[in-house]
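The same subunit A turns up in both complexes below, where it pairs with subunit B and then with subunit C.
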Partner chain A sequence: MGSIGTLLSWGSDGWLDEIAYGVFVTVSLAVATLPLGLLIGFFVALAKQSSEASVRMAGNIYTTIFRGLPELVTLFLVYYGAQIGIQAVIRTVQPGATVDVNSFISGMVALGVVFSAYVSEVFLSAFRAIPRGQYEGGYAIGLTKGQTMRLVVLPQLIRIALPGLANLWLILLKETALVSAIGLNDILRWSGIAARVEREPFLFYSFAALMYLCLTIISSFGINKIERAVGPQEPAR
Partner chain B sequence: MSAAQQTTDDMAPPPRPPRGWPRARIVGYCLMGLWILAGLALVGYLAAAWNLVWFEKYIPTYFSGLKVTLMLVVISTVLGAILSLPIAYARMSGNKVLSAIGYGYVYFFRGTPLLAQTFLIYYGFGSFRPQLEAIGLWSFFREAWYCAILAFSLNTSAYQAEILRGAINSVPKGQWEGAASLGLHKLQTLRKVILPQAMIVALRPYSNEVILMVKGSAVVSLITVADLMGVTRLAFSRSYDFQAYIWAALIYFALVETLRNLVAWIERRITVHLER
Partner chain C sequence: MLKIGTEGAYPPFNNLTADGQLVGFDIDIANALCAEMKVTCEFVTQDWDGIIPALQAGKFDAIIASMSITPERAEKVDFTQKYYNTPSALAGPKDSPLTGVTKADLAGKTIGVATSTTHFNYASQTYTDSTIKGYPTSQEFLLDLSNGRLDAVEDDISVLEEWLKTPDGACCKLLGQPSPQPDEIFGQGAGIAVRKGETDLVNKLNAAIKAIRANGKYKEINDKYFSFDVYGSEN
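What follows is the complex of A and B.
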C-alpha cells in the first residue's frame, strides 16, 4: 500500500493512467451515443407531431417503452439479448459457435435508445413552440417541405431545444457509469479494480466521483459557450 | 391578430384527416405493423420459453424482489423529502456560507452518477472500518441494504431540494407580501399560502423523481441487494434463461406506467379549479 501520491501517479506504480483511460472510454461512449440518440430522437419527434394518427401512435409507443424501462434493464436486455439472439442465428449455420457481443456497442445502443426517447420529448415541445406561420412562410416562398424543415424550422428548433438537450447530455454522461456492469472499462470499473487491488476503496471511488464531477463541470462550461453562441432563446420576430 | 380573432381560430374545428392512402399513412401503418409484430414476437417468445419448473422456482422471488424495490423507493423518497427541507432552506438562505454549502451538496449529488455514489458508500466506507467499528456504525455500513437506502436518500434529497426550491420560487413575490400585510408570519405564510400553490407546480417534478427512483433503484442489484433486478440477475445466472430479463422488464414497465397514470389522474383532480 503506497501513499495517495503514488497510488494516483502516472505509470506502473499508480493508477492515474488506467483511470485516465477510463475517462477516455466514458467520454467516447457518451460522444458516440449523442449523435445516434439525437438522430433517432429527432425522427421520433417528427413522428409524434405528424398529422397521421398511426404515425403518432408508433412514435408514442417508442417513447413509452424506453422511458418506462430502467436503463440497467435496457442495457442487460440489449447485451444478453443480442448475444443470445446472434448466437442462435449463427448456430443454425455453425453449431457450437459462441458469440461475444461488444460491450461498447451494446452500451451505445441501449443508452442511445433511452436517450432518444427523452430527446424526442424535448424536440416535440420545441416543435410546438414554432408557429405554423414559419412553415407557411417557407412554403410561400417556394421551398419544398424538406427545405423548409432544414432551412427555416431546424435552426429555430435547435435554439429552443438546447437547454433541454444540455440537461439530457449531463444525464447521459452519468448514465454511462452503468456500462461498467457489462464489463466495459470505464471510470467506475477501473476505479473498482484499483480499489480492490490496493485495498483503498474510499480513495478510488471518491476519485471516480471527482472525475465525473469534472466532466459535468467541463460540460456545463461547454454548454454555456454554445448557448451564448447560438444567441437568445427566443427568436427575434 | 386581435384577441377575438385568436379565440375563433382556436375554436375552429381541426381539419379533416385526408382520405385515401397518403405516404404518411402507409409509413404509419408499416410502423404500427412492426410494433404489433414485435409484441406478437414477445408473446410468442414467452410462450415458447414457457417452463413450469422455471416459473414455479423463480416467479415467487420476483415478488419478493418487487417488494424490496418498492420498500427502497418509498423509504428513501420519504427520508429524502425530510432531508431536502434543510438543504432547500440552505440553498435559499441569504447567508452566503449556508447557500454555498447547499449548492455544493446539490452539485455533488446531481453531478455524479448514482451508481458511483452507491459504490462510494458501500465499498468506499469500508476503508474506515476500524473507525466505524469504534463508534459502532460498522454494522450499518456493512449491510448493502442500509447503504443503498443511505445513498438513495442522499441522492434524492439533492434533487428534491431543487424541486422544492424551484416550486417555492415559482410563487410570485406578491403572495408573500400580501400574506405579510395580513399579519401572517413567515412560517404561516409558507404553510397556508405558498406551499399549496407551490405543490401544484411541484407535483409533476416530484412524480418524475419518484419514477426516476424506481428506475434508478435497479442499480442496487450491483451491490448485492436482492431487489427486482437483483433476483433477475440471480435467476439469469442460475438458469441462463433469457426470459428472466423479459419478465423483469415487464414488471418494471407495468410499475412505472401505473405510477405515471396515477400521477396524471391526481394532477387532473387537484387542478380542476385551474381549468377553464
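What follows is the complex of A and C.
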C-alpha cells in the first residue's frame, strides 16, 4: 500500500493513468451522445406540436416511455436486449453466428434516447415561447417553411432553450456513470476498482468526485461562451 | 479460443492492478485450466451486476469470478463442480463484547452484509433478531464497520482475513464462523458458470479441475494466496 502520491501517480504504480482513461471514456461518451440526443429531441419536439394527431401521439408516447423508464433499465434493454435480439435474427439465417453489440454504442444509444426525451420538452417550451408572428413574418417576406425554421425560428429557439439544455448536459455528464454496469471502464468504474483493490475508498471516490466537478466547471465555461455568442441582443421590434 | 468473464475488483481472487494487469486466485486457476484444456483464453472484465446477463448475451463463454453455486443462479446458467469453497465468517470491532456468533449472541445488533450474496441470504434467515443492513459490495460495509456504524459484518473468511491485514482493518477482528453452514444456503462453493446447455464445456472444465487438483498445480496456486486450503472438503 503506497502513499497518496504513489496511488495517484501516473504509470505502473499509480492509478492516475487508469482514471484518466476513465475520464476520456466519460467525456467521449457524453460528447458522442449530445448531438444524437439533440437531433432526436428536436424532431420529437417538432412531432409533438405537429398538426397531425397521430404524429403528436407518437411523440408523446416516446417521451412518456423514455422519461418513465429508469436509465439503467433502458441501458440494459439496449445492451443485452439488442444483442440477444439481433443474434436471434441472424441465427435464423446463419446458425451459430455471434454478434457483439459494442458497449460504447449501446451506452450512446441508451443515454441518447433518454436525453432526447428530456431535450424534446425543453425544445417544446422554447417553441411555445416564439410568437406565431415570427413564422408569419418569415412567410410574408417569401421564405419557405424550411428557411423560416432555419433563419428565423432556430436562432431564437437556441437562445431560449440554452439554459434548459445546459442543465440536461450536466445531468448527462454524470449519468454516463451508469455505463460501468455494461463493462465500459469510465471514471466511476476505475475509481471503484482502485478503491477496492487498494482499500482506499475515500481517497478514490473523492478523486472521482473531483474529476466530475472539474468536468462540470469546464462545461460551465463552455456554456457561458455559447450564451454570450447567441447573445442578449433581442431583435428590434 | 475461450472468452472468460471476471469482475476485476475482488482481491485477492480477481482484481485489476494499478498497471492494468488482471491478477488473483481466479485468474491463476483460469490460466491453469486453460493450459490443461490446451485452449487459449482471453479475459473480459465486467461489473458484477451485469455479469450473468453478459454471459447469456454471449459477451464471454465462462464466468470465473468466485461465483457461488446457488439454485437461483443455476436456473439461469450451468455450473461446473466447485473450484473452491471457503467458509463464511463474521468480523467485528476489536473491543466487541460478542463472544460467539449464534442468533442469541447477535440479538439486537446491526450486521452489515453485501446484498445478492449467499452471506446476505444466510444472515437474513439466521439473525432474525438482529438488524441486517444490506450494502452493494463488501467495500462499503467494511468502511462502515471501521467507522463504527456496525456491530458485525458477515462475508467470506478469505475476504475478511485479507481486509483485517490492512490499516483500515486494524480496528477489527474475526468473531467466528457461524455453524452449521448449510449447503442449501451457501451452495457447494464457487464454480465456473457457462451458458445453459453447454454440457461439453462443463465436462471439459470439470476434467481440468480434477487434473490440476491431482498434479499439484492447484496446491501451488492455493499456497501463493492463502494460508489455509480454500478447496474445502473433497467430494
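Following the convention adopted for this analysis, the second predicted complex is superposed on the first by the 232 of 237 C-alpha atoms of A that agree within 3 Å, B and C clash if a C-alpha of one lies under 4 Å from a C-alpha of the other, contacts with A are read in each partner's own complex, and residues count from 1 in each chain.
Criterion: a residue touches a chain if its C-beta (ideal position, glycine included) is under 8 Å from a C-beta of that chain, and two chains touch if they have at least 3 such contacts.
None of these values were measured; they are calculated from a predicted model.
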Do subunit B and subunit C fit side by side on subunit A in the superposed arrangement, or is it a clash? clash
Answer with first, second, both or neither: which of subunit B and subunit C does A:Q87 touch in the superposed model? second
After lining up the shared chain so the two structures overlap, which partner does A:A47 touch, if you call subunit B first and subunit C second: first, second, both or neither? first
Regarding the shared-chain residue A:A177, is it in contact with subunit B (first), subunit C (second), both, or neither? first
Check whether A:L77 is in contact with subunit B, with subunit C, with both or with neither, and answer first, second, both or neither. first
Just subunit B (first), just subunit C (second), both, or neither: which does A:S106 touch? neither
Tell me which partner A:G14 touches in the superposition: subunit B (first), subunit C (second), both or neither. second
Considering only touches as defined above, state whether A:S116 meets subunit B (first), subunit C (second), both or neither. neither
With the two complexes superposed on chain A, say which partner A:G192 touches: subunit B (first), subunit C (second), both, or neither. both
Which partner does A:P201 contact after superposing on A: first (subunit B), second (subunit C), both, neither? both
Footprint intersection on subunit A (subunit B / subunit C) at 76, 80, 84, 180-181, 192, 195, 201-202
Flag every residue of subunit B that touches subunit A in the complex, lowest number first. 17, 22, 24-25, 27-29, 31-32, 34-35, 107-108, 111-117, 119-120, 123-128, 214-219, 221-222, 229, 232-233, 236, 242, 245-246, 248-249, 252-253, 256-257, 260
Along subunit A, where are the residues that touch subunit B in the complex? 47, 50-58, 61, 64-65, 67-74, 76-77, 80-81, 84, 170, 174-178, 180-181, 188, 192, 195, 200-203, 205-206, 208-209, 212-213, 216-217
In their complex, what parts of subunit C are in touch with subunit A? 8-11, 15-20, 44-47, 49-50, 53-54, 56-59, 137, 139-140, 142-143, 163, 166-168
Show which residues of subunit A lie in contact with subunit C when the two form their complex. 1, 7, 11-15, 18, 76, 79-80, 83-84, 87, 98-101, 180-183, 185, 189, 192-199, 201-202
